[in-house]
Amino acid sequence: MLDKIGIAKRIAKEVKDGYYVNLGIGIPTLVANYIPEGVNVTLQSENGMLGMGPFPFDGEEDADLINAGKQTITEVPGTAYFDSALSFGMIRAGKVDLTILGAMEVSENGDIANWKIPGKMVKGMGGAMDLVAAAQNIIVAMQHVNKAGESKLLPSCTLPLTGVKCVKKIVTELAVLEVVPGEGFVLLESAPGVTVEDIRKATAGKLVVKGDVPEMVID
Amino acid sequence: MNKVVKNADDAIKDLTDNLVIMLGGFGLCGIPENCITALVKKGSKGLTCISNNAGVDDFGIGLMLKTRQVKKMISSYVGENAEFERQLLSGELEVDLIPQGTLATRCMAAAYGMPAVWLRAGVGTEVAIGKEVRNFNGVDHLLEYAFDADFALVKAWKGDTHGNLIFRKTTRNFNMQMAMAGKITVAEVEELVPAGDLDPDQIHVPGIYVQRIFQGSNYEKRIEQRTVRKS
Amino acid sequence: MLDKIGIAKRIAKEVKDGYYVNLGIGIPTLVANYIPEGVNVTLQSENGMLGMGPFPFDGEEDADLINAGKQTITEVPGTAYFDSALSFGMIRAGKVDLTILGAMEVSENGDIANWKIPGKMVKGMGGAMDLVAAAQNIIVAMQHVNKAGESKLLPSCTLPLTGVKCVKKIVTELAVLEVVPGEGFVLLESAPGVTVEDIRKATAGKLVVKGDVPEMVID
Amino acid sequence: MNKVVKNADDAIKDLTDNLVIMLGGFGLCGIPENCITALVKKGSKGLTCISNNAGVDDFGIGLMLKTRQVKKMISSYVGENAEFERQLLSGELEVDLIPQGTLATRCMAAAYGMPAVWLRAGVGTEVAIGKEVRNFNGVDHLLEYAFDADFALVKAWKGDTHGNLIFRKTTRNFNMQMAMAGKITVAEVEELVPAGDLDPDQIHVPGIYVQRIFQGSNYEKRIEQRTVRKS
């Protein structure tokens, strides 16, 4: 079973040299820390920046320089700033190669819910609906089950949707899964110490197991 | 062509009740602090506010929520504000939640004189309810309308007496398109310079879009999430 | 009867302090030279500039700085550059207060034709269609009759249209006329030495004369 | 993230016959001179060219017309070119004339991932024939589609190795939106600098949109209408 850092490390392996990547809040943000040497990636922050650098050193924070999670950040050589309309323009135009974000629920056909719990939470969707509607390549980073112990991989989502048929891959503390419309959650890899049976129990939607399932390799 | 007004009070003196206003900024980054303070002081009520966020309890648009000046928020994310949540759950406040890119693009549509555009965000979700859907190249899109705002209140880094604006780093966010989208655009700037002092190649918003400009004061520029690394 | 400079001078009186103005090629370009002292005007050039200055001095031409007529020009204090999409965006959004352009034909209801003569000329419309479709205030600067002696003020245009019901005012070598849909060409002023009868002869569309017609005053 | 190629020949080596290409510039101002020269040398034929103008007889796209490489021009104004007029009247060349603002906005729509927008230019004229018309707020608008171009060839003033671009004065024209609209965007620049040398606030086109960049040479920058005043 992986911790959050393990999930981030595994997802980092999906990032290819030259990619432009948008990272959501939470576990996805951690991914930036584990991108392999030699893999050059440009991070897009949807509030209007390409080339997002690490957090600033103490005392060097700049209120005019934040990411989409409202955290203080820094520039890198080659950074460009732009406005919100162009930011989502480049997302919509398919220029961002990979989007990594969290989810409350994902369904067998790739629907995702991550912005609202009716009657309980009304924070808003932020840029998530734009990202999932436009990105060609969406990886969800999340826990396999919620705090109540219920599976977050479902036959169909119960919460209000963020997007339909858009999630391609899911990485949880238990497994790496591909979402294949018409088939279900195809199990690609299991986490160290986790059995296929463990994963099956934690997956409410249809789990597809094809032959031997390799164990994740994480550095 | 001189668009300079004395201060925020002067700039919003005719911002009366029940108007639709845009407010620039993302989170607390690049918000028109002086205009918000003046608006709280003036006390205009029944406002519809188009703003990506709703500030925090004691800063930004949060100040206008406390004084109950806001009838409706049109935003993409409002999750940092307890007073907001209270007014919303009690029914005192209307909220229209819109995908962030759609929000920005509906500002841009107004800026570019386009009444409506086709956007894909939210198809198949509850934000698509009641909207016209059309398929282009195999992908469903929603018909989204340009915003129609009486005022746009924006914050820029530098501006000149003709209303030309330059933003700094990630403060450009919604400020740029909103500055071009309002019927009356009020720009507050950290540094106001004579026309001719800004490099004409570097201007983000041409002055033709700005009706009033002033040099703001006492900027707090509060940081919402101070994150640092160890040296 | 006015010469071209006279037409430009008369139109210059329509320009108010604080206006943003787009000037077409030909006579409209001349208008800039006759704007009264104390009237501050910002000229928009639709290829991407606000704050167009005069022609450069010999030897100071810059190939990167031209107007929509492809002429070398200069900056003024407060000039801003932008791209073509934003240029027409501000036109479409109604931010340009006045558009002055030439025409081949104008009709009684304000239709204008100025971009094409079927079988003879195929230069294209350039930005004219965008300008006439968007501007709130359009003045046409042209000769009252064409080289063949035919009136250019017609009941309806015979050439392919540039825009419909958009021209508000016309200034020719003979007269200033307002286009009032449902009425016709309402004669506002006659040029020095020109009679109403001269104007009527040169106007194929319906000419409306209300009471005494004042003579144009040109400095 | 290094997008630097050696020269124009390298940059367009896979620009084969029958493709749709965008070419930046207004008149002869800011045209991608090196790319055009390379394209004439390479000899790709049957091209559809989206460009506001068609150059003059012996410069710019005019060179590609002479060699009969162009099947179709999509432009707003082509009035400076006798060879163009000859090919058009003889039926050798197709021409789609589009209002200039519509041309620019259809590039922008592609840049912003919008399949179509509603624009008012040309309503009631022959350019409206066959187009869907819809009334918004009392004004008829036409449904105009985003361009779909295989290549965009643009010229910028400065660029960095990540593809970030800055334009100078009125050369921004169509170059900026086209740079963001092509499936493959080739940018030629007068000065190529290492990433980090350009001010991030001044970048007109973020590098994410640019696939290939090189420092051009031997710019002629011909002036079409040399107009001067007396000193």
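Some observations on this one:
The chains carry the letters A, B, C and D, assigned in the order they are written, with residues numbered from 1 in each.
As a convention for this text, contacts are C-beta pairs under 8 Å (C-beta built on N, C-alpha and C of every residue); 3 or more make two chains touch, one makes a residue touch a chain.
Small disclaimer: the values here were computed from a predicted structure and weren't measured.
Counting only chains that touch, the fewest steps needed to get from chain A to chain C is 2. Placing every chain at the mean of its C-alpha atoms, the farthest one from chain B is found to be C. Here the spacing of chain A and chain B, counted between their Cα centres, is 28 Å. Centroid to centroid, with C-alpha atoms defining each point, chain A and chain D lie 37 Å apart.
Of all residues in chain D, those that touch two or more other chains are 105, 108, 112-114, 119-120, 167-169, 200-201. Shown for chain A are the residues that touch two or more other chains, namely 81-82, 85, 88-89, 91-92, 134. If you check each pair of chains against the touch rule, the ones that pass are A-B, A-D, B-C, B-D, C-D.
Residues of chain C touching chain B in their complex: 18, 20, 40, 42, 44, 50-51, 75-82, 85-86, 88-96, 134.
Taken in their complex, chain B has these residues touching chain A: 26-30, 52, 75-80, 85, 88-89, 95, 97, 99-105, 107-108, 119-127, 157, 167-177, 204, 221-231.
Residues 105, 108-109, 112-120, 136-137, 139, 141, 166-169, 200-202 of chain B are the ones touching chain D in the complex.
Residues of chain A touching chain B in their complex: 45-49, 54-73, 81-85, 87-89, 91-92, 111, 122-130, 133-134, 160-164. Within the complex, the chain D residues that touch chain A are 1, 110-114, 160-162, 164, 180, 194-196, 200-201, 203, 206-209.
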